[in-house]
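Naming follows writing order (A, B, C, D, E and F), and every chain is counted from residue 1.
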Amino acid sequence: MKKYALSLCFLCFSLVAFSQAGKINVIVFGAHPDDCDLDTGGTAILFAKMGHHVKFVSLTNGDAGHQEIGGGELAKIRIAEAQEAGRRFGVEYTVLDNHDGELMPTLENRLKVIREIRKWNADIVIAPRPNDYHPDHRYTGVLVQDAAYMVIVPNVAPETPPLKKNPVFMYSEDRFQKPSPFEPDIAVDIDAVFDQKIYAMSAHKSQFFEWLPWTEGTLDKVPKDEKERLEFLSNWRSSNPNPATLAALKKWYGDKAMNVEHAESFEVCEYGKQPTDDELKRLFPMLGN
Amino acid sequence: MKKYALSLCFLCFSLVAFSQAGKINVIVFGAHPDDCDLDTGGTAILFAKMGHHVKFVSLTNGDAGHQEIGGGELAKIRIAEAQEAGRRFGVEYTVLDNHDGELMPTLENRLKVIREIRKWNADIVIAPRPNDYHPDHRYTGVLVQDAAYMVIVPNVAPETPPLKKNPVFMYSEDRFQKPSPFEPDIAVDIDAVFDQKIYAMSAHKSQFFEWLPWTEGTLDKVPKDEKERLEFLSNWRSSNPNPATLAALKKWYGDKAMNVEHAESFEVCEYGKQPTDDELKRLFPMLGN
Amino acid sequence: MKKYALSLCFLCFSLVAFSQAGKINVIVFGAHPDDCDLDTGGTAILFAKMGHHVKFVSLTNGDAGHQEIGGGELAKIRIAEAQEAGRRFGVEYTVLDNHDGELMPTLENRLKVIREIRKWNADIVIAPRPNDYHPDHRYTGVLVQDAAYMVIVPNVAPETPPLKKNPVFMYSEDRFQKPSPFEPDIAVDIDAVFDQKIYAMSAHKSQFFEWLPWTEGTLDKVPKDEKERLEFLSNWRSSNPNPATLAALKKWYGDKAMNVEHAESFEVCEYGKQPTDDELKRLFPMLGN
Amino acid sequence: MKKYALSLCFLCFSLVAFSQAGKINVIVFGAHPDDCDLDTGGTAILFAKMGHHVKFVSLTNGDAGHQEIGGGELAKIRIAEAQEAGRRFGVEYTVLDNHDGELMPTLENRLKVIREIRKWNADIVIAPRPNDYHPDHRYTGVLVQDAAYMVIVPNVAPETPPLKKNPVFMYSEDRFQKPSPFEPDIAVDIDAVFDQKIYAMSAHKSQFFEWLPWTEGTLDKVPKDEKERLEFLSNWRSSNPNPATLAALKKWYGDKAMNVEHAESFEVCEYGKQPTDDELKRLFPMLGN
Amino acid sequence: MKKYALSLCFLCFSLVAFSQAGKINVIVFGAHPDDCDLDTGGTAILFAKMGHHVKFVSLTNGDAGHQEIGGGELAKIRIAEAQEAGRRFGVEYTVLDNHDGELMPTLENRLKVIREIRKWNADIVIAPRPNDYHPDHRYTGVLVQDAAYMVIVPNVAPETPPLKKNPVFMYSEDRFQKPSPFEPDIAVDIDAVFDQKIYAMSAHKSQFFEWLPWTEGTLDKVPKDEKERLEFLSNWRSSNPNPATLAALKKWYGDKAMNVEHAESFEVCEYGKQPTDDELKRLFPMLGN
Amino acid sequence: MKKYALSLCFLCFSLVAFSQAGKINVIVFGAHPDDCDLDTGGTAILFAKMGHHVKFVSLTNGDAGHQEIGGGELAKIRIAEAQEAGRRFGVEYTVLDNHDGELMPTLENRLKVIREIRKWNADIVIAPRPNDYHPDHRYTGVLVQDAAYMVIVPNVAPETPPLKKNPVFMYSEDRFQKPSPFEPDIAVDIDAVFDQKIYAMSAHKSQFFEWLPWTEGTLDKVPKDEKERLEFLSNWRSSNPNPATLAALKKWYGDKAMNVEHAESFEVCEYGKQPTDDELKRLFPMLGN
């Protein structure tokens, strides 16, 4: 099977873009419970508020990333935190049973990704690039890439009906330059929901108030009070859009872009459907608003 | 063992370029039965017509890429189609017994590639880059890269005598830009054999007239008549050389390049022998003609 | 767990850079016995002479790269040669029991790398990039990348106490351009110790005077005499700094750079601690001298 | 953790034998869709008729065992047949997505078995012995053995709550003598439901009327008529109890055993809970009736 | 697919026992070059002398079992010795490229065994039991067992046409008692060809005159002279039939059994075709002569 | 390489039984920290008191077997408990970094076992049989079996010098009957050191006073007081020798056997050196005393 075939096929499929009654199905893959949240939480809230369907999938159960506890005890905490975060985001949240720190790009794991994408009948699939500082992040990127195209092949995972179209696969933002930098195709203004994103993220207590501060040597700076914690998290995770994100914001929001404080940006992966700008606008209806 | 060693070694080996009596041995790896054909079919015909030896190797048996049938039944169809295509191209065609959609970069598979290259006593090895839309294509690229250099190490696969020289490894053309674009070192004018290429490719009936049109939603446009099918395939797979290919054509064909309608282009992989332009001209004797 | 966390953490950790009494711990990973030597031998001698601690780790036992012998017999020769080279370099040298030519990026191998880095309490970790001509080199690069960050996670390899900080991970020089070229952040003038580097490297007799010349077809040019062999090796492995290395030399050595005949250059990997120039200067105290 | 611990633990757990309101949960593992049916179909009907809960799990999707079709096409037929058979048996039927003929005793597959047992809250687990003529059957036996005990360990598959007790694991009957013969602990008189078992089994058309007769060279003897097919199947799969089964029948049914025409027998596996006769009687309430 | 099916099928297939013109095809699997020879060498000569076809397959290349050399160098010696031994036995000899001491029961290796059996169109398959002192021997036994039945499934290894019947699988003799002793079904009087067996075996010089004596501490007792070496080997490997073998000899040879000095005995594996005594007599036409 | 070779070799090696100055080196493998202790603790104390050298190796780090904690946190507790137990037993104790509940019979793990045996220069190797209730126990048995013989092959793990002789491999006692029962060749009277064994075992607090009672539902019966805990453990783990053990005791202790309250028994594995009774007596000098 070969590639030129695909370029034609984008045209025909672009006419039947959405799965049901105008609802867009978005699925986001992260390596750990809290990764989807950070990368796409604001956008997810915007989708959810418009009635679209978002699912977060953590490929590992997070059973390693903590300074004091570990194993099943930690996994259960992480799963509960993810469930609570999902409620706050307004999305479905699934945590797969793979060891944290041991995610490998196996065929088994690829098939799990394929099944999740199919069951969600996804229009949009979001994942990290295969370039990131944590091996689990990189292999999440590889696994999701490796699911692209295969989601439409009926003989693969035949018990789960294939998608009728290859979704748009997108990378979430990262800061890595090698072997090539992240180049956002779109950027989403999340200012309106930034507080909700921070509140939802704060459900991952064992991550944002225990493990990550520990790795940074700031554990003693973490407030005890719930409200102060939100402020702490908000300050910590706040940053002005970088030049590339700003350019993407301008493309989609025009002059309003200059005022955007918080944005999430995404790059179209070359291995799924290649959308036109019009299609991107329809797939991300919050763009420009 | 280290790298500078190699730079010297290219000089000495370049004097003994061809394996026997001026015949050039070319081996092409694809993921599925029909991949080698699309990427290198015209060039293969040109080699074969000049009396050189070309072998196509499909690393999977194509037992998944179809909308209706699958498994061994499909594999047997694909193998028969490949045999027929091989006859039409004038090349040897081998289909390895790996599941379609499940090719992984294992040591076992690498050794199979090494043995094929050695047995063919290859001067030129062609494969896709590790960047392509289908995971099987990408891992074909990885596996062939991983065979480079190892083909000369006598202690690896010791039952198959090693090559005396590292062949030139080349990538076939693709349209992917990340992490870096395909950069052709040569482009081959295949206008003289384009019709034969289409005819040979058409032996893959279950691919070009069943599966691929199905994935594009054009199944109802596929003609029944054999002659119309050739025209259908010819139109579908025809495209003017893109700028990079055109530049490569100009380098090798001069002004004639402007008139070339169909070309196949190739990039030298950094992991095998690094040929000079003179060597490329001797390895691809159709260049410039 | 997520990335922005890291950017803050570099600041705090930079104040506690060195592990003990100002001694810097450097660990170098290569695929074969002789790889660390070629890539970092001069720098290693400079570190050692200043009282710092350097360890070379070969991830394979070198049991394949020879034209006449192989297996355990060859591995034992390679291990003995590495021990002798280590003595001459003034570094510790460990050879792991993996087959040469069969190194795969398994979790098992990653854990071995993690344990080595932790046990050495490394400030600096050096390895090849995942882009190189030999698959073992590439997977060495992958494995060391995959150890970055995990070295600080206490639940991974829990029997080996984690590092308190993520070390600086660096790539040693190579000549490959795809998917992106090697871009040196620092270059070390090794002229003062080049002869010692050659002498130390010459301990790998089965590599430099047997296997590598055989692959280059120059076996008959290898001298028998010990002194002539050093000259032979010195000529063979000598090369003026390329433009990128020269630029790096200039940055750190100023005008003196123009007179440097032999240099080793290194690129900071994006996946470990991201040092400032000041930190690089403290980590590589020979810079500028 | 050690074994004597277990001998005590059987006593305490025997007082809390059943999971809910006297309902017994039975889960049966087979390698292919139709294996559970043949081995335990009659017993399953008896359980179901008494209101207990039975689940059949096929560890492969049966995508290889056919003379004409294969792959996903075959898997989908097999899954549909299994669903229909489940309805006829009165049991739940699940078919896992593993290739037929390629089942391996991996940790991944073991975890799938563990999760199925836990989710079913099983009191009884039935599987083939690791001694049988088909490798998939043997590895099914290994995988289910390897799940015994682990089903109660909370840190294994932590997202699926562990069982509070180790179930009774039982082997279904086979005719193999090496390394030790099948020794039934109980035998179930299925005469009253034999016709229903045959009818339910006949849902596996592609197995009993296509593939298996083909392997036996009796394809031309398979009737077309539905009713005749039931008779064909009934004759084919009918056999008087062998001496070991007869002895087990006598133990549980007394003199009535002599009149039993159709029986299914089971051996208690040493690796799960070791039930007393009283417990067996409570777990298999049809015994003696 | 299920087992009772098989019992019927033996009847029908027994009428079409041999593949072509009364010639019997025998394939023998061993772990190392020399294993098939020792276990079945005499029987193989008898088959060959009667015009039947015998193939020896060593699943590893023997590249570890030597006190001085190893790797590819050793493998090449072992392959050459096997070729010479094959000539002396009158059988075909194939050595597969797996590392000695590292044979694992992978699906890849199973498929290699399946293909060998099919290509030889085997009536009889002989291998060690999964109980033996060397792990490679045990996993050879497992791999060949795992090929039984699968050799007739067309969807497995679909590029190699399946056998029309399941061959008889047999175990060669060993002395191990756990978990159950070797129980010979037949024993073959090899007195008439014992000298030829010893001569053929002596082709494995690096085994019988170097490695094995070294492991036994008798290296200094190995003669240099070729003729004395045959005597040495003959004495070393000579032994009177043990009681179980003697009983089997009596069954097939009657009173002549008492005079047999050298015999090779075989047990029918339960996982392939289960032959009657008549069939065994036809498959082993030397029995009773 | 083949088996008869071995039978001779036992004779010659029996003359050089012990590694140094009459000291016997014993290495015991268990799956979890506490397994070696239970199976061989008394015998180990007796060896240690006589000045011989005993090492316990746990193949997993015990990071799963607990009802409340898990992962690295649990592993670190288990390692500390093992160290303390080792001190109390007078043996060296090593805990390998494999996940509890996930031990697989990989080549990697086999090599770790081989290296441990070689480094300890073992005369005696003890492990569970491949028949036991916990999969980790069974695969410990498989791994140690698979190390037998390979410990003397120089080309395997060539960086660790091979043993000059195959040690005696022994199974520790279990109660499993299938596929064949444990048959003790020797039994050791441990009455004199039973209290010390209980005291040493009690160092595994998280096992004997937390996890195992929890699995048995007796957590509320565990005393708090240290002395009462010893009594609790002593009662729990006390049992009169079973008939097979008693028979073995009689063989070695004569009439004294009738008075033995606590014994540990061992079966000689068929895959290592096969000792005579005299050799067993020399290897287990406490026998008969």
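Everything below uses one rule, namely that a residue touches a chain if its C-beta (ideal position, glycine included) is under 8 Å from a C-beta of that chain, and two chains touch if they have at least 3 such contacts.
These numbers were taken from a predicted model, which means no experiment stands behind them.
*Asks:* From chain B, count the fewest steps through touching chains until chain F is reached.
*Replies:* The least step count works out to 2.
*Asks:* Enumerate, in label order, the chains that touch chain B and chain D alike.
*Replies:* Intersection of chain B and chain D contact lists gives A, E.
*Asks:* Note whether the interface between chain A and chain F is symmetric in residue numbering, meaning over half of all numbers used appear on both sides, and answer same or different.
*Replies:* same
*Asks:* More C-beta contacts across A-D or across B-C?
*Replies:* Counting C-beta pairs in contact, B-C comes out ahead.
*Asks:* Of all the other chains, whose mean CA position lies farthest from chain D?
*Replies:* The most distant chain relative to chain D turns out to be C.
*Asks:* Rotating chain C so that its CA atoms sit on those of chain D: what angle is that, to a multiple of 5 degrees?
*Replies:* With C-alpha atoms aligned, the rotation comes to 180 degrees.
*Asks:* Of all chains present, which has the mean Cα position farthest from that of chain A?
*Replies:* Farthest by centroid: E.
*Asks:* Between chain D and chain F, what distance separates the C-alpha centroids? Give it in angstrom.
*Replies:* Centres of chain D and chain F (C-alpha means) sit 36 Å apart.
*Asks:* Hey, how far is the Cα centre of chain C from the one of chain F, in Å?
*Replies:* 42
*Asks:* Would you pick out the residues of chain F that each touch at least 2 other chains?
*Replies:* In chain F, the residues touching two or more other chains are 63-64, 70-74, 154-156, 158, 179-180.
*Asks:* Could you list each pair of chains that touch one another?
*Replies:* A-B, A-C, A-D, A-F, B-C, B-D, B-E, C-E, C-F, D-E, D-F, E-F
*Asks:* Give every residue of chain A touching chain B within the complex, in rising order.
*Replies:* Listed in rising order, the residues of chain A that touch chain B are 1-6, 8-9, 12-13, 107, 110, 145-146, 148-150, 152-156, 158, 179-180, 270-271.
*Asks:* Quick one: in the complex, what on chain A touches chain D?
*Replies:* Contact set of chain A toward chain D: 61, 63, 71-73, 75-76, 79, 95, 97, 108, 111, 154-160.
*Asks:* Which positions of chain E touch chain F when the two form their complex?
*Replies:* Within the complex, chain E contacts chain F at residues 32, 34-35, 38-39, 63-67, 70-71, 74, 100-102, 104, 131-135, 138, 174-180, 207, 211-212, 215-218, 236-237, 239.
*Asks:* In the complex of these two chains, what residues of chain B are touching chain D?
*Replies:* Residues in contact with chain D: 63-64, 68-74, 99.
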